[in-house]
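Next come two complexes, and both contain chain A; in the first it sits with chain B, in the second with chain C.
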Partner chain A sequence: MIARSAVLALLLLAAVADAAAAEAQPEHRVYRIGVLNEAWAANHPTVEGLKEGLRELGLVEGRDVAYEIRYTKGVPGATAAAAEELAKAGVDLIFTSNEPATLAAKSATQSIPIVFTLVGDPVATRVVDSLARPGGNLTGISSRATELAPKRLEVLKSLVTGLKRVWFIYHGSDSTDTAALASVREAASRFQIELIVREVNDLGALFIALKEVRRDDGVLAPVVDTFDIPAKILDVARGPGIFPSALWVENGAVISYGPDFRAQGVQSARLVAKILRGARPQDLPVEGADRIDLAVNLNTARQLALRVPPRILVRANVVQR
Partner chain B sequence: MSGPQARGGLFWKYLAVILFLVGGVLALSTAVDLYFSYEEAKENIIELEREKARAAAYRIEQFVTSMEREVRGVMSASAAEAPAGAPQPEASGAGGVYEQRYMDFLRMLRNVPAIITLRQLDSDGAERLSVSVVELDALNSGKDHSKSPEFLAAQSEKRYFGPVFSRDESEPHMLVAVALPETAPEVIVAEVNLKAIWDVVSRLRVGKAGYAYVVDGNGRLIAHPDLSMVLQNRDLSNTPQVKAAHLDATAEAKDDAPFIMAKGLDGGEVLAVFANIPHLRWSVFIERPLAEVVTSLRTQIWRSVALMLLGLALSVLASVMLARRMVAPIRRLQEGAARVGRGELDHRIDIRTGDELQALADEFNHATTQLQDSQRNLEQKVEARTEALTRSLEEVHALGEVGRAVSSTLDLQTVLVTIITQAVELSQADAGGTIYEFDEASGVFEPRANYRVSDAYVRILHESQIRLGESAVGKCAARRAPYQVPDVEKEEDSRMRGPLLHEGVRAVLAVPLLREERVIGALVIRRKVAGEFSPSVVTLLQALSSQSVLAIQNAPVPRDRGRRESSSRSRAS
Partner chain C sequence: MMQIHRIARLVVADALLLVALGGTAHAQAPIKIGASVSTTGSFAALGQNQFRGYQLCVKHANEKGGLLGRKIELVTEDDKSDPATAVQIYERLITEKRVDAILGPYGSSGADAVAAVSEKHRMPMIAPLASTSAIYKKGRKYVFMVLSPAEAYLEGLLDVAAKRGLKTVAVIHEDTLFPNTAAAGTVEIAKRKGLTVVLNEAYPKGAADFAALLTRVRAANPDVLAAGTYFEDAVAITRQLKTLDINPRMFGLTVGADLPKFYETLGKSAEYVYGATQWDPSLLTLRAGGLIPVARQYPGAREFVEDYQKTFPGADLSYHSAAGYSGCELLHESIRRAGSLDGERVRAALVKLEMNTVFGPFRVDAGGFQVGHKALMIQWQDGKKAIVSPEELAADKPRVPTPEWSKRP
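Take a look at the complex of A and B:
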């Protein structure tokens, strides 16, 4: 009798100890992710992609993660202020889209991990020390702008038969596109294309340059949209232009070649999840964007009297009709 | 002195034996159980990790072979579309074969994001076509790849999986080269981004501090959660775990390489398991710090040990109790025997164990009872004999007195009173006694001497005029032999019944006084208790009766009736 009850008590004790051990595991907490970008709305494609990616990794909005989204609508100075705000709010991680937002976040905090997207050349723009060892408190997805610039020229050449002259217009402060210049020049000479490089530092110079673009000239749009140069190219330039993302094709550009924004968001979710679960950003190499899309707008092509060759159609991930 | 010592000895002996048996068996079983559960737990952990490693290996293999399949697919598609027996394309005349393949390559780049670049090499190893996501495309560049391992291996083995290299120092890539056996010996080389494999490896979580990594056939680290480790291009071919994996891979089919204890990549002792990808000659390793594995087992061990200790404590308790229970009846037996030995014969040993001990106690009690009985019988006999002896002595004494009375006095009355007194006293006849003299002339028994007879009854006796054959007196005389009435109540035909009962007499013994067969009287004693008179009493009365006869014979005749009467009366009172 005594023996039996003693054994029972011991077993009970063991069970309780087990339960206690199970209880002692880290309690569930909701991670707060600060989102910083210069978009005009909260549902920027990278943010949507991030949410989707985290959901796939088991981090559900509301249950596991909460987003504090700051989009600055291109208002000068607002990005830096929002970055400070997020840093002060003590979020667990800051997720940025595009170069200025990333740099703003980087200067706002040296402790909160930052995961960036839509940074064309993280090394050239001094966002990170190197791709393999980012250093500091940030890592992210490179949209491979510098790497892909010659490829854009090639795609434009494929689209426009007998392309002779291409304009490369970018802002003087834009280090991403400056970094691409050498490889673009090399490609142009290989394709026997005359490359006209215009580094503009004010709107006047921009418009002068754009006016000069002839109907049979091609335009290589810059990755960074200081002064809204890509939009101006789309509006003003008469010749066909190639843009860095499918976004522009949806808005009337004839062709684009570059990573998908949403896909970058999804891709970055893995980095975000790793960091939330304890990894240090400086240990996570910067990844290149996984999915490089070729988008073509057949409607615009028709307006420009361009016959889209099969090579483009075969490769195109996005075809706008 | 030796008593308690012996007793304690037995108890301790029992305790030791039981404890040895119970505790020993318990300890042994726990030890065996512990050993097996430890082994089992270890095996479970190892098996679980091997399962993870196998799953990871499977996914990696799936990925790589799917890449190969894709490349092979595009190749055979192009081959099918190309006109049969197409001439070897010359450097100048690129022709439609490559245009078609260019399209296929582009389509594949669109469909398979993991493929970065596709190259076609001709039979001489010259690059005919290069299509890339990042690099500029090239048609007929003629770059010489004839010495490259991917070309050579694909030519000879139709398939090649190259070493892992990194682009931009951040992402691992690999060359997959394929040749179709049935077509012209051309080779397609695909550069594949291995990030998908990486994810498999880096997402693998093993315990708290476990990790997974992949090593290729040359012992080089291909994938590890920490990219920097991969980029260091570490050669692990000399570590025991990699050696074991390669040995296992060459031995084939032998699927029982369980685990390796070795130094992990970060220095600490680890428990490593692996799964090979024979296709690629890669191995997936899962390593877990030994300390962590042991910790998870330790709780289990502690639990078992605690249970065993509890069991041991209980068994000690049970042993003590059992030994005590076994020893207690033996002690009681011993104690009982000792008491009986000291003479307490009425002591009985009370043991109710329901076993041989109880049987032994019962036997002992039985023996004691027997002993007690035989002793009691002996005493009774001795008592009886002593009594008999005493009575004989009394009788002798009485007869002597009677004899003395007879010889000392010539007064018949005195003699007869002495005789009846002795008769009544010796026979303990509580209702007294009477000596009758038979008057032959009248045929009536005259009471001559009485002892302890009331005067009223003496008068009744005189008046009764008892004759020969009447009442006990008449009857004994008639029969010339002692006659006794054991119960007066039953003598309904007797004339004297009423007076006797009135006097409280229940039993009567009458002995005739005979001289040469002539009746001269009778000696009667009466008792207030019913029952036969013992033969010794009868014998005694007979002896006294003959003394009476002698006295009557010797008496001077004629005798004065009246004087005798008064004298007897005074005596009786």
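Take a look at the complex of A and C:
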């Protein structure tokens, strides 16, 4: 009898001790971040930026954070499927780059927090209710496309003397570029440029449009990777295109104006860390991308027989020689 | 009157005949491009790849109408991987066979030796596979570089090592021009990145047994083993690292590791090995930052790869093939721009030339030293080459550290 009570007492003590121990040391969690974008590989610059930003905030890959990366190569249906997959996998947070991926994530889950980057106009594209109070489960970095699209037109006009026609080619599902249309039209009219708007929904329409671009036309490349449209503009269009980030200029585009992709990733890390540690997305205002680059590729300019005017060279913070 | 007419007709007929004969003969004489090629000897594997590049480029050029309205004929001889033999061959090609232009031999030692001939005869020599900087810094006027410099071959390896917090490097290398230069450059870069060089040793050309040297490497216990090699020694060293069970956390090679043949020869022992490369077929589908296709920096590369496989079925395709092809492309373009075969004019065109070939960007300084082209680092992962440096092209992460031999599947 005595022995059994002793055993019971010991067991009770052990249980209490266990509970105490569990409380005293918080369980070390590895946060799972689902990553969703339309790139062709895992090393999208916003993702590299996010990893760098989180590292600086003490959240190290492997030890504190694990990334489950889904890139869908600009294939329209694949993004929605990948979003569903991440939601089902029960990740702690979903990190997206560009608007199709963000909207796909928003459709797939209304509870898992989502932090976005490269969304050009989060309110117009209904990603959030307002920038100050996003509502819902999303917040992130706005790449300010609606504001910047007319500026891109202006930069292109500065580069190409006597520019008369500019093409604006984008995928039909691309609401960021659609949202920017009104301000682009207004700017085109102000600069006395003929704006040719081509919304394309299949590869056939895309190539027809691209083949019509003349050598002395300009092209406003869309900010979204759907259908690989920007890459195809770079490859096929005979006239100079303006692109949304310096990464393009580093790889052959003649000029770009827009926020740095990697920097948006770094900027978003603060939001991600706050949310992982308990904050709610609806309470974190959307931030505007804080670093805008004007980049120019002098080699490509030479090949296109374009003289880069001094006022562009002076403003450019990235110059590819 | 009749006589004058008759004479006039004869003169006209004669003139026409002359033009006809001269024109035909002129149009039919091919432009002869001479080169020595290393089809036998220690450079054979890579020399043959370069040779195929030359041959394919000439074939394509002829299909597109030749050069300056004439067909191109490639005139070559085997230099047996010996620089002295290469020198004799070029001398013969220029003075006896009277070639109109030349393309360089395989490798740095070959190009350095042959440069004396091209300088003497004032004939531009593009050396597509000579990466040793010193060759282009001796005040020579007629030698032109295509590759990124030897000194920087292993920069990617050390870059990854430093980023992963590794601390020590051992350097071993064949005792000839290119591996010596690559090793010296590696030591320089190691210092710049704050890594300590714990061993730096050369071995003679043709060495087959590295046991003693590798035992000294084991004793130095480096995090990183960097080796300045060609193909045969690269294979032998890798094998002996396994037999002796020596386990650096990273092991990288200058030449040889990037060849498909390296994996074919070594099988799983090639896993985790890093290799420098100047070009890779995967560049055709790679995207910078996972977004932007880099293929446009390598115009014609897709067609080059497809036709190479069709024309030489089963043959090894490496950056040496692409560099050879590119050297011929560059010669072709500079002759075309010069509008002449005159050595001075062609030289002037080459110095000014800025061009993307199947091999990538080409741009040289006044001494012919390459400033446009960038080198890459690969690592064998699951039987495939993954580009792990530079970072923006690295769709795959490097697998660090290399697991010990005994712990591998």
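In the analysis below, the second predicted complex is superposed on the first by the 287 of 321 C-alpha atoms of A that agree within 3 Å, B and C clash if a C-alpha of one lies under 4 Å from a C-alpha of the other, contacts with A are read in each partner's own complex, and residues count from 1 in each chain.
The rule is simple: a contact is a pair of C-beta atoms (placed from the backbone, for glycine too) under 8 Å apart; a residue touches a chain by one contact, two chains touch by 3 or more.
Since the model is a prediction, treat every value here as computed from it, not as a measurement.
Aligning the two structures on chain A places chain B and chain C side by side, free of any clash.
After overlaying the two complexes on the shared chain, residue contacts for A:42 are found with chain C alone; chain B is out of touch.
Once chain A of one complex is fitted onto chain A of the other, the partner contacts of A:165 are absent, as it touches neither chain B nor chain C.
Touch criterion met: A:150 reaches chain B, while chain C stays clear of it. Considering which of chain B and chain C touches more of chain A, the answer is B. When the two complexes are overlaid on their common chain A, residue A:234 makes contact with chain C while staying clear of chain B. In the overlay built on the shared chain, the residue A:71 is in contact with chain C alone; chain B does not reach it. Of the two partner chains, chain B is the only one that A:283 touches; chain C does not reach it. In the superposition on chain A, no contact is made by A:198 with either chain B or chain C. After superposing the two complexes on their shared chain, the closest approach between C-alpha atoms of chain B and chain C is 23 Å.
Under the contact criterion defined above, no residue of chain A touches both chain B in one complex and chain C in the other. Contact residues on chain A toward chain C in their complex (touch as defined above): 39-45, 48, 71, 225, 231, 234-235, 247-248, 250-252, 261, 299, 302. For chain A in complex with chain B, the touching residues are 2-3, 6-7, 10, 14, 130-133, 144, 147-148, 150-151, 154, 187, 190, 270, 274, 283-288, 290-292, 294, 310-311, 314-317.
Against chain A, the residues of chain C that register as touching in their complex are 287-294, 296-297, 354, 391-392, 394-395.
Residue ranges on chain B touching chain A, taken from their complex, read 102-103, 106-107, 109-110, 113, 132-137, 166-171, 193, 195, 199, 202, 226-228, 231, 303, 306-307, 310, 314, 318.
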